[in-house]
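The same chain A turns up in both complexes below, where it pairs with chain B and then with chain C.
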Partner chain A sequence: MNEMQFLTWVRGPGLDIAIGIFLLGVLWRLIEIYSLGRKVDVAPGRHRDGASGLHTVFRRSVPPPGMIKRSPVTYIGGYVFHIGLAIIVFLFEPHIILIRDLTGLSWPGLPSQVIDLVSVITLGAMLVVLADRIKNPVKRYLSTFADWFTWTLTFLPVLTGWMAVQHLLLPYTTMLALHILSVELLLIVLPFTKLFHAFTVFGSRWYLGKINGHRGVPV
Partner chain B sequence: MQGPLIDTLARRGVTRRTFFKYCATLASLMALPPSAGRAMAEAMAAAPAASKRPSVIWLPFQECTGCTESITRSHSPSIEGLIFDAISLDYQETLMAAAGHQAEEALHHAMKENEGKYLLIVDGSIPLGLDGAYSCIAGKTNLEALKEAAKGAAAIVAMGSCAAFGGIPKANPNPTGAVSVSDIIKDKPIINIPGCPPIPVVMTGVLAHYLTFGTVPELDKLGRPKAFYGETIHDRCYRRPFYDQGKFAKTFDDEGARKGWCLFELGCKGPVTYNACATVKWNAGTSWPVESGHGCLGCSEPDFWDGGGFYRALSRPADPLKMAATAAAVGAAAGVAITFANRAKKSSAKAAHETVTLADLEK
Partner chain C sequence: MSASLQKGINALKEVIDAPVASYFNSCVHCGLCAEACLFHLETGDPKYTPIHKLEPLRRVYEQEYTLLGRLKKMVGLSKAVTDDELEEWKELVYDSCTMCGRCSMVCPVGNDIVYMVRKLREGMAVSGHAPDGIKGATKRTVEIGGPMGLKWPAVANVIKKAEAATGETINVDKPGVDYLVLLSSMEIVNYPEYLEALVKIFKKAGITFTLASDAFEATNAGMQIGASDIAKVIVSRIINSAEKLGVKYVLSPECGHAYMAIRWEGPNLIGRPYKFEVRHVLEVLEELRQKGVLKMKDKFKEPLILHDPCQIVRRGGVLEAPEPLVQTVAENYIPIVDKQKWNWCCGGGGGASAIHTEEAEALRAKAFRIKKRQIEENGVNTMVTFCANCRIVIEEGFDHYEMNTQLLGLTELLAEHLED
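This part shows the complex of A and B:
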């Protein structure tokens, strides 16, 4: 298989398989999780300001008081790479063309130099977060194979995409094919690992906020 | 042609100075040191009395003659065309006056006379299907002819994408079982000059290099001269700034197209195509595909014909998604099935639940 065949495969059958497994997994898990349900809480609800599902969705998006000082790497590193990923995935023109092709939705993108800079910052933040996970004894103790694995699968698409644009190490065609392949691996693994938080994060916050809100506890 | 090349050129109105300038340009195009231009000029100008001119045999296989057209006509009459006078083109079906047995005789004569020294140029792919019966010359299959001619060749130039990579004949489903020269010949230096057709100056550059130094120029992984195939069309494209700014033509006649914006969305394969079109251009530097408003097809890359469609942007899927709807349905069904299983588990747990009484605790 030469470079062009490799690229055409990842753009064709490879993408088909990856998106197929992704959709299968996402629908399966969303239905499974949201259909679990809970026993109805028959106790009368208590009302307290700031205790509701919506409040928790927003509250948990900002660091609790004092935490940013106690754990700056976790918070700042986490923010930077999450926002960076969102910018790269949704505001790079070739990505928008793909999204438009798959969903019919499109929006304006950012100049490629800006995406380039954001990629470097994102890669840097991800490396810092990884170093912290290795260095910090508590984090290291809590880390399982799934954590290292999902970090790698998130890192690779950004790295290969940036290297393709910068013409590093391998010819652009091969690197582009590797980039698409790494995204396909991410898509396949996403529904079945902790990466599924991309779909459940706000739902679960709402859920917790609502349950505790009923008891009058803002969480 | 009689006498040294420089005399022939002079007779055709090309001055020595023009010729030296041309050689210097050629050398710089090929990223050779400045001294190489002079060496080239001297080697070619001094050249070769009729009997000593390097013999070149050009074999056409499954091809459309577009490569020959490109070389002979696009710059004609020019120095490019005249470079051919520095060689002795002993067999070229399209250009030679001889036909039939005479042509065959010329071929075998040249092969015998120059054994081990001649340069073999091949255009077209070699069919292996039906024992090679898809393309024969003088009762011989292309495969036999290639093997025979390659045996005594000093080096082989695979001209055009068909000879270099199989090209259009090899396009899916490859009915003739077409393969490239390098798929068959393994023991000779092979220079691939892909393109559909290749740029004339690339051809003459390689010939000049061979005539001057007696060696093949530096090649990339796909056997292409690095000097011409070292960078992508996209990186050298004058429309590149529009790509970086995110300005794309959406159709061939919208405002973006009229303003000369990037053709990426219209399927331009410039980012994955290594060739010199963007710098050397075509037809004596007049224009080139992207400048004329059409995206690059990627014709100098292997299997460009099967690259997912000429008008499909590189970042779009190469094929329509076939599994998505089924996969979504299967996923939803799995979710629903597990929901029922979970509910059943819950109700059985509820049913099996035994109330604990005070008496139980005091047991």
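This part shows the complex of A and C:
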């Protein structure tokens, strides 16, 4: 297989397989998790529950009082790389074109130079949170193979994408193929690892808000 | 696998629900919960990271409720939960967790960690891995009536003294009154002034109440140890008595976990709402204050800070009552930085104060340094709180660090300064 054939494969069958596993995986995992249900709380609530679940979905995006000071790297590093990833994935012109081809939806993107800068910042932030995971006693204690593995799988698409655009190290075609391949690996693994928090974070925050809101505590 | 371990694992399988599944799938090992846990902060030991305390529950979840986990289990790739492991986890689930729920306040993905600790305790209790201290308290509550082994004559004694001190008659087993008043053992033994305070305040407010000879104990060791069947037996005493007497309200004493047990867990344990309403004493007092019934003749002068008990405030939702009540009676109330739902636990909630091993007591003393700092940073010699268990633990802390600080119960402080 030469590099052109490699690129053709990752763009065609490879992408189809990855997206297929991703979609089925996400659907399966969501059913597996949320079909467990929960018992109705029969203790009369303090107030009407209202939108306490939804409130917490938003409120938890903001650090609680005093917490940034206790763990600045986690918060700042975390914000930077999450926002960075979102900008790169959804506002880079070639990605928007791919999404348009797949779904018919499109929106304006950012200039390539901006995406370049965001990519470098994102890679930097990811390296910082990795260093923190190695250095911070609690994070190191909690970390398993899956933590290092998922970090790598998240890092590689950003790195290879940036290198492809910059024409670094390998010919553009090869680097682009590697970039797409790394994204495919990420898609395949996402539903079955902690990366699935991208989906469950909303459910978790909602439950938390509901359970505590019932007792009258906004969390 | 031992029969008790099998029972424990079955208990865990039973308590796993969609929130638990969602929470475990959301955890990214960021470690922020450790920054909210007083046991981690005061020892620096990463094993006290709250989410780590749930590891046995997480593995049962993964192995029983996920496709990948079941496959791994089938081919022998997963590590089963063992008796040895649960025995090791006893310290993490009981000694070093007071179920204060502060971790649930900070988790960025929204995991209700304390909700899961409560569930893990179900498996720990059934499999025989709860600490002896809490086991003893639970046994005494079931067999004798309260965690300290107190019987009705002890309560009758407190009633007699309160009658003598106030000149009022206190009803016992009287149907049709407004409130059934509950006590906690610690109030009966250590803080009998609580009942006197209540008599004074309720008389002024024109509220009628009774005590019940078959349901005076508000605490629930069954809930603390994590045995729902036992918790149900204990809470049913109160429910049956209150519904038989036909009272409108049951008054939960200051005691934190008692409120949690009667107000929030009770209806779920018996599977239906009550025919009466449960109110915490501070909610009632705050209502009286707003109505203008709770007038003070003078104020407490010394500067003081407030300790908000976790189970009443952060977990129980009595958020708004404490501060205005303190302000009513204290001239120099100093609000602390981490107050109300952000307060730090005394270190002895969730049954921890009943564990009397050397290690547990040493750990509690370490955890108490967080309260010590709050007192010192605010330069006060007085702290007010409203939970009998917090009071015991805090006074132990004062003794341990030879601190010259006085601790007051809020209801008694109010009664002391009440207009005659």
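One rule holds for everything that comes next: the second predicted complex is superposed on the first by the 215 of 219 C-alpha atoms of A that agree within 3 Å, B and C clash if a C-alpha of one lies under 4 Å from a C-alpha of the other, contacts with A are read in each partner's own complex, and residues count from 1 in each chain.
Criterion: a contact is a pair of C-beta atoms (placed from the backbone, for glycine too) under 8 Å apart; a residue touches a chain by one contact, two chains touch by 3 or more.
On a predicted model such as this, the values are computed, not experimentally measured, just so you know.
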| item | value |
| --- | --- |
| Partner chain(s) touched by A:155 [first = chain B, second = chain C, both, neither] | neither |
| Which of chain B and chain C A:32 touches, first, second, both or neither | both |
| Which of chain B and chain C A:81 touches, first, second, both or neither | neither |
| Touched partner set for A:11, first chain B, second chain C, both or neither | first |
| Touching partner for A:46 - first (chain B), second (chain C), both, neither | second |
| First (chain B), second (chain C), both or neither touched by A:20 | first |
| Common ground on chain A, meaning residues reached by chain C in one complex and by chain B in the other | 28-29, 32, 35-36 |
| Footprint of chain A on chain B - complex, ascending | 221-222, 232, 234-235, 243-246, 248, 264-265, 271-272, 274, 298, 301-304, 306-308, 313-319, 321-324, 326-328, 330-332, 334-336, 338-339, 342-343 |
| Residues on chain A engaged by chain C in the complex (per definition of touch) | 28-29, 32-39, 41-44, 46, 56-57, 60, 63-67, 70-71, 74, 78, 136-144, 147, 192, 194, 196-197, 200-201, 203-209, 211-212, 215-217, 219 |
| Chain A - residues contacting chain B, complex | 2-5, 7-8, 11-13, 15-17, 19-21, 23-32, 35-36, 93-95, 97-98, 101-102, 108-113, 167, 171-173, 176 |
| Chain C residues within the chain A interface of the complex | 16-23, 25-32, 34-36, 40, 44, 46-47, 49, 51-52, 65-68, 104-112, 115, 263-268, 271-273, 277, 314-319, 337-338, 341-342 |
